[in-house]
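Shared chain: subunit A. Partners: subunit B in the first complex, subunit C in the second.
Up next is the complex of A and B:
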């Protein structure tokens, strides 16, 4: 995952102080969460109405300027966080809800089923994520749910692979054999003995996955496959802003772009720190 | 011997592990190559009797223990435990029968779920087999057992996790979990091998005490003759998938018959003087079970080996006193 690479690189930069990295990530995330939750109170204007002259420079009344329709960029950046979080959350939940049980059950059963499903998942996994999402989004059409689903499909194999590889290791652990020896049923063994032991690594994947989903969503919107305007969306604003970059209206790209970069950085640092804390050796296993 | 007294009767138990080969090889060879980890062994154990199973590492002891309670599927054999034909049991019936036979593994670190409190771990068999009617009643049973296996104060231990326990304490938890369903048959697979010497004798004592109290038929697997002598009424000696000698503990220590047993006991001089005296092992490496010697499997390391050994079968011969040995040349 891209966010994993970002996280690893930051970790190399900060060296031993991964605790600080985790805190900075957490701090960024808290800011964005506050932004999304309190958007109506924080934004000075409505994000979907013209609120001033077009293409105003950043100034006291419009902190991040206005776009070609006179929309307030600051208000749109703040409201845009809602879109980023909703799509990332839906996509992540759907991907996890399919990927985790599949990995758990298939990994535990093993055999031919395992080979077949793993082959399918691997081929989806190796396919470039954004291109796959574009293809599915183009098929499904615009809208919050459709976009979330197209992104979810891309990340199902990530969950599957992480969970399955852990389950394959854990099912040969002595405590799983011990559970069979006392007469536990397979569903009980899976839920009480295997699942709790794979969950820590799942939480890390979940958090990294959200960052990737946000980037993919921004990418789709940038290409016009995302949310229908004028709903505030960073990716869409970014693509619109680049049309004006040649006339030096820099604020139209810089602020939505910065928002995307910061939220992705936040999640990457947070999850890499979490990774260290929850599971010191998961990085090498994968 | 009166067979009806025996809680456990195992006959001609075999476990062959298939060897991994490429499909090209599989096409060429008619017979699939196997590791004959256990190759036709028989034993029986009475109630409140401990049978030792001793031998070097790699002789197939663990495989015997696991096959006997069908944690792994035996290739062949008949197994009766508490008058139940274990080999005939399938699925749900086998699962339910498991309350009658339990196993204690070698590694107490690995045999407990790190994410389950030890109280819950020990309570789980009760839930699985519907023993006790409420959480409260089950918890009472667990606490009582914790006291018995010396995990005191028991209510404090109940909520602890395996990582908070020492190796000896963990093994007491594993023992408690194995005994809580009141089984008839218990396998202990080198249960004290990984413990500190200081706690080893306490855990051995505990197992002996529980064996008496629960009238267990006990299969005590070990590579340590001294602890087998301490626990067991009878001892069987295993070499490369075969039992080579079986006798009462006293008889075995006073008159070991099979050359392998004699070497294990240090009763005869080691042929190779470069091997240290206290490291009581026969000369040479234990042969690979994929490439077994013909005839007597021990002949490649036996100081008394002769021509006849190359094509004899390793049948146990009764030498009197219920003392069986697979070597016809030493009486």
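Up next is the complex of A and C:
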């Protein structure tokens, strides 16, 4: 995953001070969460109403300038965090809700079913995620739920693979065999012995997944497949802002882009720090 | 062996694409004709497209068509989709090819120098570079380059493949840089390169972050090995040690990783093509989505699936050739 690679890179750079990395990531995330939750109070203007002359340079009254319709860019960046969080959260939850149980059950049952499902999941996994999401989004059309679902499909195999590979190891552990020997039923074994052991790593995947989902969402809305305008959305604002760069209106593209970069960096650092804390035994894998 | 394994992969992707485009809500005929079309015309169109048959029959008809290279007919231009795709493919190939070269070049040099100067400023620069470049959205980075080199400095064009009338006289391959050389049209070649610089740098730099990291950690591993110590003991030059011994021995894992990044490269290509109005398959896909041209959308995605599969086979072949210990 993208955010995993960013996180590993940062960890390598900071070395022993990975606690600081976690805190910086957490700090960035808290800022974005505050932005999303308190957007109406923080934003100086409405994000979907003209608030001044069109294409104003950044200035005291409009910190990040205005776009071609006179919308305040700063307010749109603040409100854009809501869209990023909601889509990423729905996509992640849906992907996890399908991927985790499938991985758990299929990994536990094993056999032919396992080989077939794993092959399907691997095929989806190796296929470029954005292209798959584009295909689904093209069919479903714009909208919050539709985009979230298109992104969710891409990440189901990620959960499936993480969970399945662990279940395959855990199910032959002594404590699982012991439970089976004293007559525990499969559902009990899965929920009481297997699930608690695979969940910590899932939390990290979940957190990393949110960063990736935000990136994919930005890509989709940049391509015009995201949320219907005028809802504030970083990717869409970027694609609209690009039409004006030839007249040097840089503020339309610089600020939404920085927002995407910072939130992705924040989630990556946070997840990597979390990984260190939750899975201390897992050494750095290349 | 590997070729056999990639057939199910293509089949699964085909199946998913088929069902995504057919089963999900949204009737393609209705989408093409608009909501106010009379029912008779809708039925006639459905019959013409074979949409009135049971879904499973449609599925096998579709598979048999793909197998013989029939990707259907575009509902926007009424041309065969495969013909359109093949016409757009050279542009995508040219963009991804040069991006890959740029990414590999940056990866190998920055990565091996970083490993060689472990812990020194060069190394730290390489690591900070990968972190930032990785978190750049491709399209944002592209727009920034357009802004700096196109708008502020006026050095390079910001969109398209060529200036008006600057196309090769005779198209051999559709790859403009190659055709221009074959035709001996040096002005066309210069123009094509100028148009290529920003898009291929955008995509190349974004992909390079993975390569820098891979090369760095693999070369680092090789540098601490005994054959490097032996080479030093023989008094070989440091340059030779780095590039001949350390880098060469790290190549197989690096190549595998590079091959795996191809999927990422293609996804990036769609975004880059859109950012730079580059007339390739990615741009084609996005344009046709806005026209609701379903045969074209489906065709483009299937084409990408084939592309990914072919590349993963190629990577394996090259790997086996470089490292004789690998056998499939």
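Convention: the second predicted complex is superposed on the first by the 280 of 286 C-alpha atoms of A that agree within 3 Å, B and C clash if a C-alpha of one lies under 4 Å from a C-alpha of the other, contacts with A are read in each partner's own complex, and residues count from 1 in each chain.
Assume contacts are C-beta pairs under 8 Å (C-beta built on N, C-alpha and C of every residue); 3 or more make two chains touch, one makes a residue touch a chain.
Note that this is a predicted model, so its numbers are computed, not measured.
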| item | value |
| --- | --- |
| Combined model on subunit A where subunit B meets subunit C, clash or fit | fit |
| Subunit B versus subunit C as contact partner of A:244, first or second or both or neither | neither |
| Contacts of A:139 with subunit B and subunit C, given as first, second, both or neither | second |
| Touched partner set for A:215, first subunit B, second subunit C, both or neither | second |
| Residues of subunit A touched, compared between subunit B and subunit C (which is higher) | C |
| Partner chain in contact with A:2 - subunit B first, subunit C second, else both or neither | second |
| Touching partner for A:177 - first (subunit B), second (subunit C), both, neither | first |
| Inter-centroid angle subunit B-subunit A-subunit C after superposition on A [Cα, multiple of 10°] | 100 |
| Minimal inter-chain CA distance - subunit C and subunit B, angstrom | 15 |
| Contacts on subunit A seen with subunit B and repeated with subunit C across the two complexes | none |
| In the complex with subunit A, residue positions of subunit C that touch it | 8-9, 12-13, 16-17, 20-21, 24-26, 124, 127-128, 130-132, 134-140, 143-144, 146-147, 150-152, 158, 209-210, 213, 217, 263-264, 266-267, 270-271, 274-275, 285-286, 289-290, 297, 301, 304-305, 308, 312 |
| Subunit B residues touching subunit A - in the complex, by the definition given at the top | 69, 71, 95-99, 102-103, 105, 107, 110-116, 124-125, 128-129, 174, 177, 181 |
| Parts of subunit A lying in touch with subunit B, wherever the complex brings them together | 173-175, 177-185, 188, 192-193, 196-197 |
| Touching residues on subunit A, where the partner in the complex is subunit C | 2, 5-6, 9-10, 12-13, 119-120, 122-124, 126-132, 134-136, 138-141, 215, 218-219, 222-225, 235, 238-239, 241-242, 245-246, 248, 250, 253-254, 257, 260-261, 264-265, 268, 286 |
